[in-house]
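Scrolling down, you'll hit the structures one after another.
One chain, chain A, appears in both complexes that follow, with chain B as partner in the first and chain C in the second.
After this line comes the complex of A and B, so read on.
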């Protein structure tokens, strides 16, 4: 695998990550959303390995395997079990006006392209062009957290944001030091467990995971 | 031996006229197989057309010249569109005069007059079909143009022949912009040709039909021309997709042997894309008409992402 081919493969994977981010933004079904998240993790993992190969920085292989283990297998599995236990797998979430959300998403992509343009000029790395995609993925995750009402989808939005940050680190500097990455991975894992406990309590208290319910302060009305 | 470009153009129009019903028959045949039914013969569309041409035309009393001239106009415009798209050769005289934007405009003319004819008689179905068709068209056309622009950015030209030449010359398949544009194009082609997730070509159920509602009043040779034009439109959209995204094998030299081989390769590609079309159609359910905006919205999204990723990633 030559350097140029690796760069091209990396851009294609970046495009796929962006595509899954958009697909998650408009997906209504819980399980499909979870699968999309797992796919995004997979693309991220492959992309990290490709960058690690092209840049000869071998600690990226470890990050890649870590991503594969946590974001493709473990986290989707935990959320899967959670969704089944809380019996929300049949729920189909209403999203406010899909075309508008998409247009806002496109605007965010253009914005992040504009924002990272100076870095593209300065950077000499192979991955300089994917930085815009990484930033866009972070923003799309944030947009997902804002536009969704369901607690589980908001968490998936949060995790997608983390995916974007990880991708940004890989494309801006060929990855953070391994210690930091290990720490982040562990944090995400712990967060997932805490989310699980929270979901459980929210569900027993409100009989629903719709966060709009929590805006009401009175017990009865 | 070099074949004269005008002759190539003529051959291509004949290929379009007589291969389009065959392709429609092939799609129907594969669809029947995939659903476990016995299929009609591959030549059935020709028989249908012959039958319709031999029948008399029943015209409504208040039909105006628009209603009477629309079938000829639609047919003519579709044949003209077939002269622009490189089907068996990129060396087309018409291709130099009209680019892909003109092609979209040609399809828009056909659609405009079909919609007018749908309203001309004054039946409620015709009006409903026209209104639906125009709603969908207003969403599909921008997406179509964006998808094509994404490709023309990569090939630095809006001429279809030029696009086919540039894409076939040593380009890598891994270009994200082309992948996004292809995805958008598939969604738009399904919409424009009235295939399953958007419109069902085989139904006359009043609540769901779109294209069929507009042409409900046509009979005899008028209906034959419109049906033929519809088959050609399906054929043209598939060949347009092949010419823009998979142009390998389309003849560029203009020799007789080259033409023959590109004809064979094109038939092979068409056969495969017919199967692909059927797989999409049997895999999806027809969606509610209010969901079509989301469907076409995502087509627009993919096309825009294709253009953006050309700037960002390439």
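After this line comes the complex of A and C, so read on.
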């Protein structure tokens, strides 16, 4: 596999990650959303491995395997169990309608390209063109958290944001030091457990996982 | 090992730390904990006082850099004359109060755990010692906060009463507003010391060497003055003082009123004379004006009080005022290049600092003894206690005489020196100051007269007459430890009053360090008997002669009355033919201050109402009259309430941002990120 081919492959994977991010933004079914998240993780994992191969930095292989294990298998599995236990596979309601969300998403992607333009000119890495996609994925994840009502979708949005950050790290600097990545992976795992526990409690307290219900927690004056 | 003040001080800190550890291990042996803890604190305090006295008289400056604190920002400590003096003041009173506490704190046995009291007392002392030893802004603020936080917990000791919690919170808020101002002031000085490059400016040495531009120097001074005034209780920032001091346990009030306020005085002197060093005349005038306001308003408020400890707390405001007057005059003289007069005024301020620590400590300990014996703070329910508490009464009287500035006790010396500084002010060039300063002297005289009235009231209503209270349980004299603490303070008051020349000689290096002048040679120009501040033809006072004279008159009178039989008759009191005298027919605390309330009541918001009792009775034939009086500080309504209202208003407006919906919060962060990305 030549260097140029690796770069091409990486760009393709970046495009796929962006595509899944958009798909997640509009997907209304919970299970489908989860599968999209797993796909995004898979693309991310492959992309990490490709970058690791092309840049000869072998610790990226470990990152790639970690991503595969946690973001493609473990987290989707945990969330899957959660969804089944809490019986929340019905459709996800959005606050803003789909076309508007898409338009905002497109604007964010353009904005990301605009922002990373100066970096693209300075950088010599082969992954320099994917930095904009990484930034866009972070923003789309945040956008997803804002436009959804359901607590589980917000968590998926949060995890998608983390995917974006991870991707940004690989594309900007060929990955963070391994120690940091191990720490982040562990954090994500623990976060998922904490979310799970909290969901059970929220569900028993409010009989729903609609975060609008939590507006009641505000102090009244 | 060579023994120096610094080694003694480290020993003292080690002892204080030991007390904290001891308190943790002796939780189940409260009685032993009190005896051991406070005895060790007394030892530590005495060591510190000794080190302080030695440091002042030895006249060298010791500096240490400890590799503690943040990386690259080590802790600087410095023991010079000024900090030595304050160490001596704090240590001496802390010694007396610790001895006293051995007895006083035992009063809590059986009611509540005293472990926290011991721990925080020890930390409080360590905090105060560290404040005056600090030689960089960082350790200064850290120890300042140790002091504030531990005293907060001490005020909160009896936390089941809502007034205590309220007072402690108010104290904490004012202390922190002050601390922020001090922080900003140090920030200005430290920043300009390095032109905002690097952090080396945080040492006091760097600040000393920097010549601040006039505008920034003024900003630093005003911030520091504001911050330290909040701690010292300068009017109008004094509102926390009469709330917090009365509710704290009395040994704590003695320390807070006696020496904690003095750390703020130390801060003002340190920043103005040492760190900034070069200042215009109007700074001194500003300090002088606030000192005068505090002196008059503080004492006037004190006279109005019915609560013994509140009266003492307000009189602390007055005394801080007098100290500030001395500092203000010293600043005026110093910026007019009159070093001798500047030294005189500064000596007056420092002397008053020492004196106030001693007699206010004594008075709070006395009030604590009364509280201990009667469980009563309200003077209206006291009276006649001199028969049950002869020791306490006599020692409290010493405190009252000292604070009313009567010879031969110490209050007179320092107030007299302050008047001397006032009277020498015509030497100044500025005509406006020449006009205003005599007015200040008149105000100081007014506050002195009010102080006399206030302490006649405090002593008379509490100890003389008949018991007014409703419950008549037997009152016992307090134990030996409490008496010993008070006795030591009383003896110190007398000593400081009789031998002022020695004290001034001892304090001379301080003024030489700060304002470049010394007065010991002229003050003791006629031997140790005569105190002649500047020149004998201007003014002179011989404390020993006054003491011996007064003593002689008292002894002779006593002998005349008690040696010849028949000169003293004990007969029933003339009761105007009313036949049945009750304890209600005597002066009360409220009636004592009535004339002053009539004349100067406009300075307060006074609410007075007289209602017949029972409520339905015909006004002409009431069974009894119900009299209700409420005197409140006007400053609360003028200054604090608007601030509180505005902050509530702003909070309500800002509260609208809190929608409680998670999406809205996310949008906030999203917008913030986008905006930051766009503009940075």
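As a convention for this text, the second predicted complex is superposed on the first by the 212 of 221 C-alpha atoms of A that agree within 3 Å, B and C clash if a C-alpha of one lies under 4 Å from a C-alpha of the other, contacts with A are read in each partner's own complex, and residues count from 1 in each chain.
By our rule, a contact is a pair of C-beta atoms (placed from the backbone, for glycine too) under 8 Å apart; a residue touches a chain by one contact, two chains touch by 3 or more.
This is a predicted model, so every value here is computed, not measured.
Applying the stated contact rule after C-alpha superposition, one finds that A:205 touches neither chain B nor chain C. By the document's definition of touching, of the two partners only chain C reaches A:214; chain B does not. Contacts of A:154 after superposition on the shared chain: chain C is touched, whereas chain B is not.
In the superposed pair of complexes, A:129 makes contact with chain B only, with no contact to chain C. By the document's definition of touching, of the two partners only chain C reaches A:145; chain B does not.
Across the interface of their complex, chain A is touched by residues 652, 655, 658-663, 666-667, 669-670, 673-674, 677 of chain C.
Partner chain B is touched in their complex by these residues of chain A: 8-9, 11-12, 14-15, 18-19, 22, 26, 98-99, 102, 105-106, 109-110, 113, 129-130, 132-133. The residues of chain B lying in touch with chain A in their complex are 172, 174-176, 179-180, 293-294, 297-298, 300-301, 304-305, 308-309, 311-314.
Residue ranges on chain A touching chain C, taken from their complex, read 95, 111, 115, 139, 142-143, 145-147, 149, 154, 211-212, 214-219, 221.
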